[in-house]
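Labels A, B, C and D are assigned to the chains in the order they are written; within every chain, residues are numbered from 1.
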Amino acid sequence: MTVRVGVLGATGAVGQRLIQLLDPHPDFEIAALTASESSAGESYRDAAKWRVEAPIPEDVADITVGATTPDAVPDDVDLIFSSLPSSVGAEVEPEFCEAGYVVSSNSSNGRMDEDVPLTIPEVNADHVDLIEVQRDERGWDGALLKNPNCSTITMVPPLAALDDAFDVTDVRVSTLQAVSGAGYSGVSSMEIIDNAIPHIGGEEQKMETESRKLLGSFDGAEVELNDMDVAASCNRIATLDGHLENVWADTAEDVSVDDVEAAMESVTGVDLPSSPERLITVFDEPDRPQPRLDRNVEDGMGVAVGGFRETTDGVQFNCLAHNTMRGAAGASVLNGELLAQRGYI
Amino acid sequence: MTVRVGVLGATGAVGQRLIQLLDPHPDFEIAALTASESSAGESYRDAAKWRVEAPIPEDVADITVGATTPDAVPDDVDLIFSSLPSSVGAEVEPEFCEAGYVVSSNSSNGRMDEDVPLTIPEVNADHVDLIEVQRDERGWDGALLKNPNCSTITMVPPLAALDDAFDVTDVRVSTLQAVSGAGYSGVSSMEIIDNAIPHIGGEEQKMETESRKLLGSFDGAEVELNDMDVAASCNRIATLDGHLENVWADTAEDVSVDDVEAAMESVTGVDLPSSPERLITVFDEPDRPQPRLDRNVEDGMGVAVGGFRETTDGVQFNCLAHNTMRGAAGASVLNGELLAQRGYI
Amino acid sequence: MTVRVGVLGATGAVGQRLIQLLDPHPDFEIAALTASESSAGESYRDAAKWRVEAPIPEDVADITVGATTPDAVPDDVDLIFSSLPSSVGAEVEPEFCEAGYVVSSNSSNGRMDEDVPLTIPEVNADHVDLIEVQRDERGWDGALLKNPNCSTITMVPPLAALDDAFDVTDVRVSTLQAVSGAGYSGVSSMEIIDNAIPHIGGEEQKMETESRKLLGSFDGAEVELNDMDVAASCNRIATLDGHLENVWADTAEDVSVDDVEAAMESVTGVDLPSSPERLITVFDEPDRPQPRLDRNVEDGMGVAVGGFRETTDGVQFNCLAHNTMRGAAGASVLNGELLAQRGYI
Amino acid sequence: MTVRVGVLGATGAVGQRLIQLLDPHPDFEIAALTASESSAGESYRDAAKWRVEAPIPEDVADITVGATTPDAVPDDVDLIFSSLPSSVGAEVEPEFCEAGYVVSSNSSNGRMDEDVPLTIPEVNADHVDLIEVQRDERGWDGALLKNPNCSTITMVPPLAALDDAFDVTDVRVSTLQAVSGAGYSGVSSMEIIDNAIPHIGGEEQKMETESRKLLGSFDGAEVELNDMDVAASCNRIATLDGHLENVWADTAEDVSVDDVEAAMESVTGVDLPSSPERLITVFDEPDRPQPRLDRNVEDGMGVAVGGFRETTDGVQFNCLAHNTMRGAAGASVLNGELLAQRGYI
């Protein structure tokens, strides 16, 4: 069974990664692409100044880009991927859901809304059924499912493994984030050459709240946030792709480095086409993972961890994931696969 | 009164910064330069491939570089600055002290030795008198004074201000360190372009122990370490100069951002030629300090802080200092000035 | 005598350098700043996100920015510096000239117009009198004087020295240009990290035509272009400031490296406040000049040259200048000083 | 038929690329690896700090590295790839040839020796038979075949196409070379961040002489150098891989951009496993090729060209190739395939 899919915001940095993942996808077929009003009517080739290292898929290149409205998308499209600026997403995504489309969204709007599921399939797939509540409350035929922010996704899989085994109470996380996370023109070269920027607007709050929702419990009616205390500090550095994060996790149970590594290595992927066999790859070398060397672990869908040290109250470690793959486009595709598996499309 | 000074390891990255600071110094006069055996006998111009942005001081350029042994330094030199690899420093510095020289050292060897004072003059100038104990125990006419590691120096002045006012109990610190901290050939370009390295050998331990010694109390006989719990995570990034650090400080007293900023702004320099008028510069813009824009605050001798946020248990903030100036060469020069002021030379 | 000056486009990368140069200028006093409509009414501090390493001049920071129209500039302003996007400059600069203002412009519009002088004071100061022709033809009380493009300015002083001595017939020049040349948001970090871009729109044509105008002869009525054949190839690389250029100059006369160096070293500045004592600094080290080490030669107003080699038909060499100082803001200031010296204001 | 091969200098930047290419090679089987004395006896995994983005081939990782002497290589090895520092290569390669080994070498020593063939199989495969002369003169059972320098390889395929069609008389070439060309520790990060270096020792001479040998004619006895006049200017920039070059080629025949593009597009690969189907890929976009986007064209074995403009005397264009693949390791592998095809092993 092939699902016909549409991509909202297909020309941006994450949109291009979505195309790269969806074009060869075994179950999905690209049927509609949208962009801002100014690009509507152009071929995707012309509208997207393609900047991925791999060539633009030729069959996608010839698709005519539509405006980002439900009218511009054919009725037989069953699944929508959205990678819009949050202000646009906040306005447009509900219109698509209202019109009956099921939307897997990477946009940051609405992630913490009480009736919007926020999922990483390997971590909290069961939250997807919050859609039932959402449909009841909003009267939608469609549905809206969100994946978290790229910096949150990098940290949560190892935290989930730790929390399962040792009960995490406090988290401090410092990020070294790649420029692609801000989109193509988000970070000027004059800002970042020989420099780092210790602030990314709203990012710290996203990490602090989204992580607690992802690690929270869903009882069929609502998601109760995990009560761990999370504080984040976010930095932009001069890397192209791959968010690197230093994490301190205090735990209620005693931990040893060996136990922690074992807990992480025991995590597997889930039965979805884009989920990696090994969700978490543990590095023994103390100077790994590194963004350039390790961001493509498991074809960009894995999380790499290393640098474990015991602390007075728990453990510290480093984690890394490809921010536009595992952290954005791949996260949305995985969520789309989850929606299909659970019968929502 | 002009003090004749020598520089051990004068050709390295920190050595060149020492020359840059000592050449125009009001009280010090460069009288001897040493380097590795292979450079001995060359002019400083030839031995040091000068890489500072400012031109090489012409009068220093013509000095003949000697070997790094007490014999190679004239007797009328009263103060030695040392910026040697720690393995060399561990061997050579005691020989100089034995021979009667007073040494202000940036090398990492011996910093945690019980009878070696480790000082930042604006923070713990009183520790310098540990030299009396040292002389008793070692029978030296000379003396050995250390400044801490560059990443430690960046963090300790704001921590000292916080600890004085609010009693800091726990510190978590993540660093984004410049390549110059590893010396001229320490970080290959192939390692760091489009990359970050989440490990600097031994650096985390230095930050965790040196900070507690600096903030400890000296009773005339020994230094009792401060009992705060410090955990560090150290990263190398593609900046030339300026270490940026994200700090979480848990405090026994309640804190507000306003109180914290006030505590930091009330810190002044000390009465030494190289101490800045304002030791800590507070930035209100949330994205400052940044390495390229702010590393030269107070001519490279200040510490810049910003990004304050209250946390559940205290406060988080960012700090930045020029690692080869405030964090190394300037720190040694300041310590030399302290030695002169206290009558040790 | 103090000249009251205004700056059009004061918030951009070159505009900020103009402020940096004009604030301490002995003869000029900043009296008006303009920017785009959206910034008009704000203080300069708010309108310009200041990105120069040195602090924003406090007295300038409080000036209220006006719109870029003659009405927004006080009548007692005698000299206007313009650093506008060329499309804006093409529309607005003639309005200022019409209104009686004398304009020293860095904008690229109109540089090759037959009645617009294009000058580097140390090279072709005499061309400034083309203003007489301009006033006759256009009926202006004001006047429009242009400085060339930053990449042209870097190359022309050494070429002028060579042409005077050996008669240059053909020039091939390849540039490695800094990102600041494209303005603050001109080059995205995603474009330039681990990359180079072998094309800068229109830049090659500017170098090929402007150089011939600068080295042409003015007979009181018109400028006859120099007949040397110039071909350029322009590249953007990941440097912040400083355009580096590889030049091949074929000459009618025989040349030796010694003669060429002597010719370049004999060039001096001119009697204007911002002209350096030494216009061309010759480096003997084969790997100099380098952008980071040498862009600030003569406080950013010099041109550095090196790497001389004899070729079959002439000589090849490298040259470097600070693109937003010598190549833009400083060039405009120098031209403003020339206008004052020649009595045009 | 599988040829057992050895790799001299297997741990360096090019050596690692050789391993990456040889491990999956259809005709070659890695049978021996050598490195410097200090690494001999270690596993390849330990000796080579593997820095390629793809994982280290597991079967190669366990091979024990030998010293770089003929004795350390098994007799049943039929083909040696050499990627040694030139001073070592000059001493060791003749010993291997003397001992009967056929050597395909990337090292720069001896490339211009009269009896040493220097080949790019797609350009001058016929020169390989200079080995007959070499064996006569040196009395070797083995043989020594060289590939040119990485910057030469980038330029020569398009120049060969141009020369065939339009008779090239003069070449001016400016290079923007990646740091990997200097080996792992060749370029320090302090040298190249926010910088470019307009000099690479000996590189200009290599480009100027090797290109004329490659484009020269072989009459069975000797290679007559092509008489085109070549002048090069070589720069190091902050890219990881991919040498970008600006070329001016003056031609005896008239040229148009269309004719030039047609001439380049008509070039095909040759019938060797590692030769790409399309040797030269022509880009129409004026800002291509770019190192990061295009260095992997044809799996890193192609040459990308673009930016064509007619000049007074010919044409200018840009070219790009992956310096450690097409420009070094891949060039040696291709030459090894040529040796096999021609019956030299």
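Points worth noting:
The working rule: contacts are C-beta pairs under 8 Å (C-beta built on N, C-alpha and C of every residue); 3 or more make two chains touch, one makes a residue touch a chain.
As the structure is a computational prediction, the values presented were derived from the model and not from experiment.
Looking at subunit A and subunit B, the chains in contact with each of them are C, D. Looking at which of B-C and C-D shares more C-beta pairs in contact, the answer is the pair C-D.
Centroids built from CA atoms put subunit C at 47 Å from subunit A. Centroids built from CA atoms put subunit D at 41 Å from subunit C. Looking at subunit D, one finds that residues 51, 193-194, 238-240, 292-293 touch two or more other chains. If you check the complex, the residues on subunit A that touch subunit D are 51, 53, 193-194, 292-293, 296.
Touching subunit A in their complex are the following residues of subunit B: 170, 172, 174, 176, 193-199, 201, 204, 229, 231, 233, 235, 237-240, 244, 246, 248, 286-293, 306-307, 309, 311-313, 316, 318.
Across the complex, subunit A is touched by residues 13, 51, 179-180, 184-194, 238-240 of subunit C.
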